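Both complexes shown next keep subunit A, but they swap its partner, so subunit B is in the first and subunit C is in the second.
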Partner chain A sequence: MFCEKAIDLIRELHRMSDGQLPAFNEDGLRQVLQEMEALYEQNQADVNEAKTIGRADLIPSIKLRHCCLLRNQRCIFAYLYDRLLRIRALRWEYGSVLPANVRFHMSAEEVQWFGQYKKSLASFMRSIGGKEGLDITQDMKPPKSLYIQVRCLKDYGEFEIDDGTVILLKKNSQHFLPRWKCEQLIRQGILEHVMS
Partner chain B sequence: MEENFLSLDDILLSQERLPVRTECVFPRLGFLEKSSDSQDIPEGTKMELPLWLSKGLYEKKRKVLSVELPKVYKEGWRTVFTADPNVVDLHKMGPYYYGLGSQMLHFDSPENPDIAKTLLQTFIGRFRRTMDSSQNAYNEDTSVLVGRLDCLEKVLFRSGQKGLNGFQSWEKGQASQLTASSLVLNYRKRKLVDVQA
Partner chain C sequence: MFITDLRKNFYDVVANQRVALLVAADIDALCACKILQALFHCDQIQYTLVPVTGWQDLSTAFLEHKEQFRYFVLINCGANVDLLEMLQPDDDSIFFICDTHRPVDVVNVYNDTQIKLLIKQDDDLGVPAYDDIFRDDEDGGDSGNESDEGSEPSGKRRRFDEGAIERRIERQRAKREWEARRREILFDYEQYEYHGTSAAMIFFELAWVLTKDTKDMLWWAIIGLTDQWVHDKITHMKYVSDIATMQRHVSRHNHRNEDEENSLSIDCMRISFEYDLRLTLYHHWSLYESICNSYYTACSFKLWTLKGQKKLQEFLADMGLPLRQVKQKFNSMDITIKENLRDVIEESSNKYGMKDIRIQTFGVHFGFKNRFLASDMVHAAAALLESTEKEQNDTTDNFIKALDSLSRNNLDCLKAGIDLAKKKLIAIQQTVASCICTNLILSQGPFLYCYLMEGTPDVKLFSKPLALTLLCKYLLKAFVHSTRNKRCKLLPLIMAAPKDVEKGTVIVVGIPPDSETSDKKNFFGRAFEKAAESTSSRTLHDHFDTSIIELKTEDRSKFLDALITLLS
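Now for the complex of A and B:
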């Protein structure tokens, strides 16, 4: 049957329904495009024959192939679009620099798109909130205090806070830090917010 | 109800196969029908086609193919659903029981009003139980509860659970705690698995 390859792409994404980004399936995509090319050529040939010799009985087959073409197109669109949504979510989860193992799963065009999204988001954040701009990825939950108690879950290294003090984030060490400074690190799973 | 063009769920839904009967010859496509060796698909062949293809080929005016109802929407099963919708395993029957059922209404059939009614009644009959279990199973293994649900019901169940968990953490005063993103945590779990394998 036609369009099996295309549905495999969709299944692959659907299996990872929690928003993770599987590796870009370039091979699968190419196979779908090849199938579409073959379908198109067959249809072209049949259309010419139907026109010149007047074989109207070919029309149902032409229509069937055309449906398959549209189906393949829909699957590819959905595949690429869903990946873009996931990549966009990464910007909010990981911040502007993605870990290498995530970036590794993206195609060159997706990396480029991510860069552009990052840029648009940054220029939007600069344009609002007065002279210094406003980081809208901060304070996703309303803050209760400016400083919070955090515990370090892994060796991170040196970390500079507002007043210029450098602290060493070592595994299992606890610190009292400005909330906005460590929010990103908590989201990345390096620090843990300790509630008293 | 129209399908969402970009929704993965709707694409998988439209992959469900329907029993159809061809009403005309499909020249040069004989290889799609494995049981015969002829070059064409002859008229009157019974075969299974995915929903998207049946929908694309189906026309009210010019009959190219006629679509038959899948078993679960036929009279016999409909009686079962009306008797007690709670006992059926919709995951086994579907898992897109509601979605496919409402898509079946695209094809002209005298049974359409009955199908629509059964779908609605089945949903109403099961909804109370779905909602109740999603709102009360806290810190429990929900796989038994979820196992028999249709895809649509599963989504509802999960959003109910999300609400319940959110409310519980608010009651415990943990709502303001900053947490690591679930995406990040899942990646780490996977990496661990990769290393072990």
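Now for the complex of A and C:
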């Protein structure tokens, strides 16, 4: 049946609905494009035939193939666009350096797009908030306090905070630190925010 | 040196600094730590909290953190030993010590620069006067005199010789006398170990002076005080007077409750003074189980004998409580029975010789279901702190769990703690019963001795200091009730239990004799040290309480013999 492969691509993205980025399905995309090419050729041939010979009974099949082409195009656009949205969310979650396994799943063009998105976000952040700019990727929810209490889940070693002081992060020690320094480590799972 | 104004000399000093908190592993320290953490959160003082379980832990923690921190706050550790000698800190490290262990080491008292003691001076400290112990100018004078004499020309020296020799002999005699007296004074001062005002209460007072005290902090201070009473660290008189102090704070916080129109919502925390029964955990258990497993009632009835069991049944019948009700969970008991329960029990227990079945304490309730007495929380937190549930449990893991259970929003942690505490109490009761019935307690002359064999059920629970101390206390009380020997009733008890089977060590605990007017002063610390030295047994005096040590199993008998000779 036509358009099945395009639906497969969509289903693949739908399966990972929590925002994870699956590997770029180049094969699938190529197959869909091939199918579109085949349909287009057939349509071209039929249109020429219909025009020259005047066979009006070819018109429904031309219309059918045209619909399939449009459907395929729409599916591919949705696939690519959804991936871009996910990649954009990654910038907000992970920061400007993506972990290697995620980068492996992106195609070359997507990597390029990511680089340009990063640049435009950075220039925007520089332009607001006075001289040094404002990092709006921190504090996604309004913070309740400047400092938070964190507990160390694994031995990490020494950790330097803004004013140069070094803290030794040992398992099960608790610390009261500035929020912005801890967020990175909380995401990595080394510190745990303790609410009391 | 002692700090009297905590706000000016402690809090304001650390206000803009980063502080390292080194906290010992007992409930009073945990409560004091929570209060201090809450204060630090208010004022955004950055800190790092490190749990320590013994002197070695303390030294390691200090070494790791000394580069990064200048101010160290030690809670319930460090006062009874010469801290500067043990840790060898740099000159700019400052230690704030809030410790209940007494006697405070004299070096810590008289050091003006690096050691600040957050201890109330009206606690009967009895610190010897400075001049009785320290005498550093005399030696310099001595050697100066001698060198003077040496440089005099030889002719004159012969003439002054006799006078000079006499003076020197006189000086040396005075010095020896002074040193002998100094040794005596220090021996008297350091002989007995006891405990002072709860650290949690001291920090609560600091919070009150800063007007930053909240009901949570008040509750933690109450738990800290109750911990000292449950684990028998302070005398009954001191407990009652401290309760009176806390009662003043509680009534101050409770004045809003009396206003009928703007009364607090049911979810707010309410602390109330209770003159409640001395039955451990009875609100979270059935009344019957609680009576069987609380040491006061179990020892008074002698529940390890058949006669005792019969007496208990009589007691319940006397009060008119049906067995079916009494064995049910307390919360599901008939409401008519629960209403006058305390008075009914008090009346009946007077007939059976239990005059102090009721004790002054505090209770908290928030929400419709959550009602806890201070002693419930102490037992739950202590059970969590020393839980042996998982094999690989780090002591710091347990510390964190126990710390969490003290917060109001970690109720499942607290409930888990209560379950563990129930198991612990049942285990203690069974061990006490078996020890008494099999006559495991031997009188060794100057003290009683009991050794838990390796195959005893639940012996792993008793490899921890707090649990073993509780067992000791109950065992001694039970023994006093069950023995006919008048002399044995006044003896202290030493107990040994296997600590680590692979390394072959036992943990040894000594407690003072059980009496009504006991001042809870424990001389076993020094005794253990001397006995270990004289027999060169392999001991580890790692715990902050000097009366708890670790010993190699093979050295047990010679250590005991040395102790017997020492103390008789």
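The rule is simple: the second predicted complex is superposed on the first by the 178 of 196 C-alpha atoms of A that agree within 3 Å, B and C clash if a C-alpha of one lies under 4 Å from a C-alpha of the other, contacts with A are read in each partner's own complex, and residues count from 1 in each chain.
One rule holds in what follows: contacts are C-beta pairs under 8 Å (C-beta built on N, C-alpha and C of every residue); 3 or more make two chains touch, one makes a residue touch a chain.
What you see is a predicted model, and the numbers here were worked out from it, not measured in a lab.
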**Study point:** First, second, both or neither for A:R126, with subunit B first and subunit C second
**Key:** neither
Exercise for review: Would you sort A:N172 into first (subunit B), second (subunit C), both or neither based on which partner it touches?
Suggested key: second
Exercise for review: Tell me which partner A:F77 touches in the superposition: subunit B (first), subunit C (second), both or neither.
Suggested key: first
Practice item. Figure out whether A:M195 sits in contact with subunit B (first) or subunit C (second), or with both, or with neither. Key: both
Practice item. For A:R88, select first, second, both or neither according to whether it touches subunit B, subunit C, the two together, or no partner. Key: neither
Review point. Touching A:Y147 in the superposition: subunit B (first), subunit C (second), both, neither?
Key: second
Practice item. Answer with first, second, both or neither: which of subunit B and subunit C does A:R30 touch in the superposed model? Key: neither
Review point. Is subunit A touched at more residues by subunit B or by subunit C?
Key: B
Exercise for review: Examine A:R11 and indicate which partner it touches, taking first as subunit B and second as subunit C; both and neither are also allowed.
Suggested key: first
Point to revise | Common ground on subunit A, meaning residues reached by subunit C in one complex and by subunit B in the other | key: 195
Review point. In their complex, what parts of subunit A are in touch with subunit B?
Key: 1-3, 7, 10-11, 13-14, 18-20, 42, 46, 57-58, 60-61, 63-64, 66-68, 70-71, 74-75, 77-78, 81-82, 89-90, 93-94, 99, 101-102, 141-144, 148, 179, 183, 186-189, 192-193, 195
Review point. In their shared complex, at which residues does subunit B touch subunit A?
Key: 5-9, 11-12, 15, 24-29, 32, 50, 52-53, 56-57, 64, 173-188, 190-191
**Study point:** In the complex with subunit A, residue positions of subunit C that touch it
**Key:** 18, 34, 37, 40-41, 44-51, 64-65, 67-68, 394, 396-397, 399-400, 404, 407, 409
Practice item. Flag every residue of subunit A that touches subunit C in the complex, lowest number first. Key: 145-147, 149, 151, 165-168, 170-178, 195-196
